[in-house]
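Here chain A shows up in two complexes: once beside chain B, once beside chain C.
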Partner chain A sequence: MRCEAPVESQVRQRAAEGRDDGEAGIAAPAGHWRLAWLPPGDAVPCSLLIDRRAFTACLLLLAALMAASLAYLAMGSSGLAPRAVLPALVGRGEMMAVFLVQELRLPRLVAACLTGAAFGVAGCLMQTLARNRLATPGIIGIDNGATAFAVASVVGLGVSLAPPAMALAGAATAAAITFGLAAGGGTRGYRFIIAGIGVGAVFGAITQLLLAKVAIDTANAAYPWTVGSLNARPAGAVTLLAIGLAVGLAAALGLTRSLSLLRFSDAVATTLGIHVARRRWQVLVVSVLLTGLAVAVAGPVGLVGLIGPEIARSLSSPRGVPVVASALAGALVMVLADLAGRVLLAPIEIPVGIVTSVVGGPWLLWILLRPASRNLA
Partner chain B sequence: MTRHELATRNLTLRYGRATIIDDLALALPAGQVTAIVGPNGCGKSTLLAGLARLHAPSQGAVLLDGKDIQQLPVRELARRLALLPQEAVAPEGLTVAELVRFGRQPHQGWLRQWSAEDQEVVREALVAADVVELSERTLDTLSGGQRQRAWIAMTIAQQTPLLLLDEPTSALDLGHQIEVFELVRRLAAGGRTVVMVLHDLASACRYADHLLALHSGQLVAAGPPGEVVTTDLVRQLYDIDCTLIPDPATGSLLLANVRRARRCETA
Partner chain C sequence: MLAMQHSGLLPDRRLYRAMAGLSVLLVLVCLASLLLGAGDVGPARAWAMLIGQSDPEARFVLESLRLPRTLVGLVVGMALGVAGALLQAVTRNPLAEPGLLGVSAGAAFAVALALVLGATATTMRIGVAQFGAMAGCLCVLGVARVSGAGNDPVRLVLAGAALTGLLLSLTSLLLLFDQRAADEIRFWIVGSLAGRRLEHLVALMPSLLVAVALILAVARPLAALSLGERVASGLGHRPGLIRLLVIVAVALLVGAATATAGPIAFVGLVVPFAARALAGPDIRRTLWLCLPLGPLMVITADIISRLLVAPSELPLGVLTALCGAPVLVAVVRARRMSTL
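== the complex of A and B ==
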């Protein structure tokens, strides 16, 4: 193409002068590291850009998550010395300590990390999709949809599906209804969020109705679902979530370049070469999948999907969408919240959903009351 | 030398049942600046959206080098045609340089994120749009004119032979308007085809080589502004009477003695 001529000729000229293959003299854009290599048998060098701030944010969050995990394994109704935790983890030390760590706390820690990461990524994706920081699955009713369906399966309405499948079906149903109601407005703007809040309220009411209609023991069994708890985890749900998270995270990473373009207006994103409708559909599917699977494990702890990405964004740079950082921050929030729930009023345990609501409610208010310019994307 | 000529064939664009552009056939001369003018609601912006494939035709087609653009992959189209929409929204906190780098997106891939060419083109785009000194500022700290130049720099970095601008000067004061128009002329002199929707007929006469006048979704005039702009056309488009006089310095047409058309003369 004619317009490319000046640059191409310069590059060619440099190459002809025997100076280089056009690689020397490339400075990474401000705030990035650039990795470049020449694949064998190819003339075009490969290059990767790593956003320094996003990378540092991930390292920081990872370190914080490790520290929080250590505390999580050590603290509880019967405390362990921090230095006894690691040996216990690999099966050494006192039998009681090994039992506590390996059998009781580790599985729950894994569940906390996985659900937190899933809620974090789902929230980050939905916020990007709707270009609105309030549009997380928890707020637009997807959590409640998943919960209502899962509770229906627990209290046994003649449905024999396992909770994960039911939660997924519920998440998908709620998302479909919200999108249907917001049709025309698309996923942009308040119509979508208000439709979602309405859908969430209806599903919340359905959950309560289901619980009111069954015997008290059954209702008690389903209670953790309604507030969000890591105490009662359906068998198999954690494994399913782990698989779903691996797939969802890989898909989200594959979509990162498109995600950063989806933050622009549709017209800009389209003319920069992405298929907006198709990409949004993919992002939505990943977000709903992660939400459904996470709710199947922990119930509606959706505020993690609001807080996690918020922390990730404030630590990362505005150049990209912080998918990995959101996963790490979500896991961190979940681990800390569940730890607080286990420790604060021990031996009484506060469900993690209640802890996140106590923290997340004021957080939401703070977002609303912040100076207008940073209110919405 | 390829002539990236954009044309339409029996193009009909609808919003729901309302027909906005009706059976339109036009051709945009390559390497020139084309201005699309017309009254509010005549379909100018819809036509531009149709030309950029943002609005799928109900009938007919938009042709790029004779090929239907609906058949082109989005990335391929993004390397050949750039659009600056009205009220473009960018993510919060982005700097000018970061915005301009997004223009390289259609040329990049997962394993080709930053090349020598990317660096050079971004640098040239910043220079061309005269935003080098602003490159580390965030967009929300810029004036309207500066921000518009930053966006145009992004479309320049896209390196497309075709550039579509939707009312690029609508929110700008006179000084900033002239900045943008002179930038457009420089881009055309560099070999690009520029198509812009404009509100101001005098600016269109001054800065465009080719004028398309739309009224109610129909093309009512097409050609060099000096030839097609007449008092009759002005009355038909905007329902005003005026006297057209040549600019003493440039010869382009100016509207003088503008007043509302007398009722009996408007059909």
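== the complex of A and C ==
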């Protein structure tokens, strides 16, 4: 969506000529819908372009997410009929069904959707920032940094901060180190990613170190973070994530126009009127914020940040940066992965991090090794 | 020394000096590994026992706990260091490391699979690990070759990282299935030298001897291969065969090391890196230097892992990662990444 300056002036000109033909006179560019309105009086006439394909993609993903959520609520160690789920959601029907849906599955579903959306948006932003589709927070070590710090707060190294705050601090630290190391060569290319893998390895080792130092019970309490699971959600972390996601998504939407220009080279983006360095900072901050908060809830499920934007991009039009579609696709992937983890080997529960990496690993390899790999996000 | 004489290149004084210095250092570190520990037997008691006083408790600790551990560290360090140097020479890639390319993860996955299917015997485990290492190695190198990513050091490492992640999560998935296997494997999979016995080492010897024979045969052609495929063919070598033999040797070494000590990353990166810094890029020299350097790193890490959080122990892989990741970043950050 963007305001079209030329269109606006044309409308004004036509209005001045007394030919008040509204939006009928100007055709929208191919593949777009144009919403235009002329406010009464002297106010500036406005118009909006809506990318038709991106819009359909969002609708499609939303429908899929709804269906997956319904399945998520219905399926489990004791299954419910899909028909019984909706009444149970509003508190009608059998006591057992209401309890299952409202107390057990709904909070977990909400957590899955929120973390998936956060990872998806963070991945999409980071990919655009680095102009490399492999540069997702999970791969360049930000997840591991957040995990190490969150574990530190759980095993209690004399730090009394809550896990979300610590995870945020860890994400910021890891991002700072990775970007600092890459400062010489810029964020382009694969070297930046290898530096990130190195940083991630160090933080992974620190996590192990922390777990080895404490008693076995404390270590077990911190274990979910190290593999990624929706089982142990710290109190308050989900609420914080919801607030953070709302803020981050709004910020990302505000940045959309700059984002699609950031995909060009720095020189072109500057010519087109983008303050490149400042926009980079903003994008980076939003991405790190979302990653840190999401890790505080679910641990490092980083490959969602790769798969979600990938799906969104293949469905949406190549013109824009699919922020909303990435959020929806990330949530969809997370819900499906957690559902599979709960159902496939019941009564054993597979942590969601393992499901996503079993699915996402081959995908990553495929992206990497495809002959005509598009490097631009 | 056989490889040196074969090559017709007499080792120069600098190499001798470096070898002598590193060997002295290695002896000192081995001694420290015998003397230091978490239990009641402190350095003074251990030393008294070593110079001949009778002390049954110290004797037990030294002979059946610390000595096997040191010897295992010696063998594992040598195997991993040499395997890293070989892999880097054959891919001409300074970042190619068994742990990073998914070779160790392949071995770990194969062992976990065998355990879940009901295997327990030591020799069985070594063979399985070597087979898994071979599969992981061929997988990464084959795929990289098909897609033409093999020429780009960094993309090869990314492919390896992706494969490692995949195999590690498959391993944890297997362990979820089977509690018995999970208990058996839990202390092995983090990488450690604790509790290894001499029988484990003896079981490794046949395959290690095969690997040494392969390396002696292949060292000189491999040095020619580092000048480029055409030059190597022009000198009468067969690049395809050399590559295959090297990969077999790497799989034997890494499989043996992984079966004994668990997957330990970054040793194969740091050790050849240091060896190249000391002796230059010729594989025939770096291989010699890897022999003392590998155990030096592994045993030092092991000593630290015993002392840092005594009486419990740190996984060895944690220390090697802490020391290896900065080297990885340094190699990548170097302005002109040398292709080997």
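The rule we apply is simple: the second predicted complex is superposed on the first by the 346 of 377 C-alpha atoms of A that agree within 3 Å, B and C clash if a C-alpha of one lies under 4 Å from a C-alpha of the other, contacts with A are read in each partner's own complex, and residues count from 1 in each chain.
In the analysis below, a residue touches a chain if its C-beta (ideal position, glycine included) is under 8 Å from a C-beta of that chain, and two chains touch if they have at least 3 such contacts.
Quick caveat: nothing in here was measured; it's all calculated off a predicted structure.
Colleague: Now for A:Gly273: first (chain B), second (chain C), both, or neither, which partner does it touch?
Modeller: The first partner, chain B, only.
Colleague: Between chain B (first) and chain C (second), which, if any, makes contact with A:Ile354: first, second, both or neither?
Modeller: The second partner, chain C, only.
Colleague: Based on the superposed arrangement, let me know which partner A:Arg191 touches: chain B (first), chain C (second), both, or neither?
Modeller: A:Arg191 sits against chain C, while chain B stays out of touch.
Colleague: Applying the touch criterion given at the start, work out whether A:Val343 contacts chain B, chain C, both or neither, answering first, second, both or neither.
Modeller: A:Val343 contacts neither chain B nor chain C.
Colleague: Output check: A:Leu86 vs chain B and chain C. Expected answer is one of first, second, both, neither. What do you get?
Modeller: Neither partner.
Colleague: Is A:Val247 in contact with chain B, with chain C, with both, or with neither (first, second, both, neither)?
Modeller: So A:Val247 meets neither chain B nor chain C here.
Colleague: One more residue to check, A:Val44. First (chain B), second (chain C), both or neither?
Modeller: In the superposition, A:Val44 touches chain B alone.
Colleague: Residues of chain A that sit at the chain B interface in one complex and at the chain C interface in the other, please.
Modeller: none
Colleague: Which residues, counting only chain A, touch chain C once they are in their complex?
Modeller: Listed in rising order, the residues are 134, 139, 181, 184-185, 189-191, 193-195, 197-199, 201-202, 204-206, 208-209, 212-213, 227, 345, 348, 350, 353-354, 357-358, 361-362, 364-365, 368-371.
Colleague: State the interface residues of chain B toward chain A in the complex, per the touch definition above.
Modeller: Those residues of chain B that touch chain A are 1-2, 49, 52-54, 74-75, 77-83, 85, 87-94, 97-98, 101-103, 105-106, 108, 110-117, 119-122, 124, 136, 140, 158-161, 190-192.
Colleague: Per the contact definition, I'd like the list of chain A residues that touch chain B in the complex.
Modeller: For this pair, the touching residues of chain A are 1-4, 6-8, 10-11, 22-23, 25-30, 32, 34, 44-49, 131, 257, 260-261, 263-268, 270-275, 318-319, 373-374, 377.
Colleague: Spell out the part of chain C that touches chain A in their complex, as residue ranges.
Modeller: Chain C residues touching chain A: 95, 143-144, 146-149, 152, 154-155, 157-159, 161-163, 165-166, 168-170, 172-173, 176-177, 190, 265-266, 309, 312-315, 317-319, 321-322, 324-326, 328-329, 332-333, 335, 337.
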